[in-house]
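Order of writing sets the labels: A, B and C. Residues in every chain begin at 1.
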Amino acid sequence: MGSEALAFYAFGAVAIAASLLVIAQRNPIYSVLLLIASFGALSGLYVLLDAPFVAVIQIIVYAGAIMVLFLFVVMLLNAPHEETEYDERVHPLLRPGPMRFGACLALVLAIELWWALARGVDTGAFPGGAVTSVAVIGRSLFTDYAFAFEVTSILILVAMVGAVVLARRDDPRERRKPGER
Amino acid sequence: MVTLNHYLILSAILFAIGTAGVFVRRNLITILLSIEIMLNAVNLTFVAFGRALGSADGQIIVFFVMTVAAAEAAVGLAIVISLFRHKESLNPDSFASLKW
Amino acid sequence: MPPGVSLSDFYYILPELVLTGGALLVLIADVLLPKERRAALAWVTLLALGATAAALVPFANTHVEVAHGLLAVDRFSLFFKILFLLAAAITVLMSIRYLETEGAASPGEYYFLILCATLGMMIMAGGIDLITIMIGLETMAVSFYILAGYIKPNQRSNEAAVKYFLLGAFSLGILLYGMSLMYGLSGTTNLRVMASAFVGQEKDPRLMLAVILVVAGVGFKIAAVPFHMWAPDVYEGAPTPVTAFLSVGSKAASFAMLIRIFVEGMPSMSADWRLLFYVLSILTMTAGNIAAVTQSNVKRMLAYSSIAHAGYLLMGIVAGTARGITATLIYLMIYSFMQLGAFAVITLLRRKDVVGDELKDFSGLAFRNPFAAFAMLLFMLSLGGIPPTAGFMGKFWLFSAAIDAHYYGLAVIGVLNSAISLYYYVRIVVFMYLKKETSGSDPVITPALALVLGVTVMATLVLGVYPQLLFRVADVSARTLGVAGITAAIR
């Protein structure tokens, strides 16, 4: 087994194990930290795929910014282990209604993905000529994809305004009685 | 030798884990984290295909997907905070006034 | 001027630029205006929508790809842009008094988000590239997540936002996974280039998986059964004008996206996706109508009715012919007017002392406000598909498109479903005209609401009697797509 294959299996194993633990954890803080570990492993995979730009923004943006936002919120809410004992005792497939449906759906999806991808054509080794240059990516982003890039700014503005609107406490002088009912 | 299919199967496994997490867990934060796992599986697929095609497009799409994920995370967490002020709970089952 | 961006690109995205400018103007005006004057923001918003509509005029006959193939400016996108602007304007008019009654903190951000949602829809309808469609979809969806939770003191609004957000983000993940496979198997993100790249790949299981995932992702957005579970809760909990805009604008934009992705991007796979939509269509209209029968909350009932309508609308997609797409476009326009009108009546019933969305709130309406009751009667008959209303013409075209494409069973199921749906539409009419007991203060009609009801009533009547103009416009719009390719593939 070559060193590349070794690295692939190591990073892949970490990513899968960490992701599994994220959804198996009862404490949200651990979940967030484990997800950061999973993102780190993915970043390693991006390096193997000759995509250093994505590898770096994966760490800076995803692990560094988005996950820290999650951590802040978890700590701000002092989010408890709020799941009931029931969840620990009962297997997901035996739980009521939508959860059982969801667990089955996920299982079917996993089988389906496996079936489709395993039967796909044999792809062989990656060809040479990977795009690793940040300059090439940047030029493409600001010319071919300039329109999408500009729309993204509106999307971020919407998210910003929305986060402020939803999370701020309204001025008590403005506050009125909640709607009847 | 590591081929495209290896990466695709890895991302499929991650995607299935994320999907399962959305349904199996009852903690809003964990559900959001599961959706992030799904989006990361998507990113891995894009980068792997981009590498196999020898084009920069795959990496550029990942850039946009990350932007979308950031915007969604910001709004989603704001919604969670605003709800938590009412409820002091993150369990979707505790929302009694609408049927889940 | 940087390379790759040309002046002509700015010219062709003029409507989007005007709308963005208007949205920013509303946001700034919100800060500058004193609190008492902020009601004027609604008129600024309407002005922005009007200016955008005016900016559409030069493009009535344009058919180009701009911004390096990210966006198409054609008759198809024009049709949808007109629909979105109309729906947004009607929503704004409905919102004025509703926001005052609910005591929402700031109207400025509300109108800003309405405009941004409209912008997202316009980009979705014009997008012929996976990236543009994704960004447009998210701009719209994120705006709606916030709008659904806008009435913060109201817990139902909060929970609606959470549910819509969770299911929306989940469906985005599924949609994007399907898109990543589409990209990988075609080597491009442009839908028109993709269409030719897929020819000859019909048997690749990965491509079938991509079709299934994208159908599921889009199914969430149009609220097709079995991906509909978010819709009733969100429609019931969100502020009524937002529900109206969500059930019309978001649905229409998602249909535009659906048509772009499948008809333009995957015509060679049409046998697969038409089969999937065939099953979804039958499930959606049947389950939607049966569930609607048991509801006592009118917003919830209209949510299930809206789910059922997604099933009817899918019939045109299943047919896959130019005639089918035309019928879907026609019905989307007609559906918009009747649905917005029905929600306007619910908004009218919202008073300080009455929530106004329960069936019993409609009782005796004919004696207290005959105009509103007559309007509601008309919308209900139209939603049920009774001549001479517009709803009848729309259904007639959809069913005949299905028959024309030899889907006789689908058409029969559609007709049977229309019959079931009459039960719950007529029930509201019975409450309004035959029950006498009333509660709360008299519902008062404002000039803005009178305008909304006037426009929607006129549209529902006129399009029922004289549908030729709409038919011609929709026909031309549908034919700008590469529908001819699909029709050839079917025969």
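Just so it is clear, a contact is a pair of C-beta atoms (placed from the backbone, for glycine too) under 8 Å apart; a residue touches a chain by one contact, two chains touch by 3 or more.
Model, not experiment: these values are computed from the prediction.
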Middle chain, criterion being Cα centroid separation: C
Pair exhibiting more inter-chain C-beta contacts, A-B or B-C: A-B
Centre-of-Cα separation between chain C and chain A, whole angstrom: 29
Centre distance in Å when chain A and chain B are each reduced to the mean of their C-alpha atoms: 4
Length of the line joining the C-alpha centres of chain B and chain C, rounded to whole Å: 26
Chain C: positions in contact with at least two other chains: 131, 135, 138, 142, 145-146, 149, 152, 155, 161
Multi-chain contact residues (two or more partners), chain B: 15, 18-19, 22, 32, 48, 52, 55, 57-58, 60, 64, 68, 71-72, 75, 79-80, 82, 100
For chain A, residues contacting two or more additional chains: 98, 113, 117, 120, 145, 148, 152, 155, 158-159, 162, 164-166
Contact footprint of chain B on chain C as seen in their complex: 130-131, 134-135, 138, 142, 145-146, 149, 152, 155-156, 158-163, 165-166, 169-170, 172-174, 176-177, 180-181, 183-184, 187-189, 232-233, 236-237
List of chain B residues in touch with chain A within their complex: 1-10, 12-27, 29-30, 32-34, 36-37, 40, 43-44, 47-48, 50-52, 54-60, 62-64, 66-75, 77-82, 84, 89-91, 100
Chain B-touching residues of chain A, taken from the complex the two chains share: 2, 4-5, 8, 12, 15-16, 19-20, 22-23, 25, 28, 31-32, 35, 38-39, 42, 45-46, 48-51, 53-54, 57-58, 61-62, 65-66, 69-70, 73-74, 76-77, 79, 82-84, 87, 92, 98-99, 101-103, 105-107, 109-110, 113-114, 117-118, 120, 122-131, 136-137, 140-141, 145, 148, 152, 155-156, 158-160, 162-167
Complex interface listing, chain B residues touching chain C: 15, 18-19, 22, 28, 31-32, 35, 38-39, 41-42, 45-46, 48-49, 52-53, 55, 57-58, 60-61, 64-65, 68, 71-72, 75-76, 79-80, 82-83, 86, 92, 95, 97-100
Touch list for chain C against partner chain A, complex: 2-5, 9, 13, 20, 23, 27, 66-68, 70-71, 102-103, 105-106, 109, 112-113, 116, 119, 123, 129, 131-132, 135-136, 138-139, 142-143, 145-146, 149-155, 161, 204-206, 208-209, 212, 229, 352-355
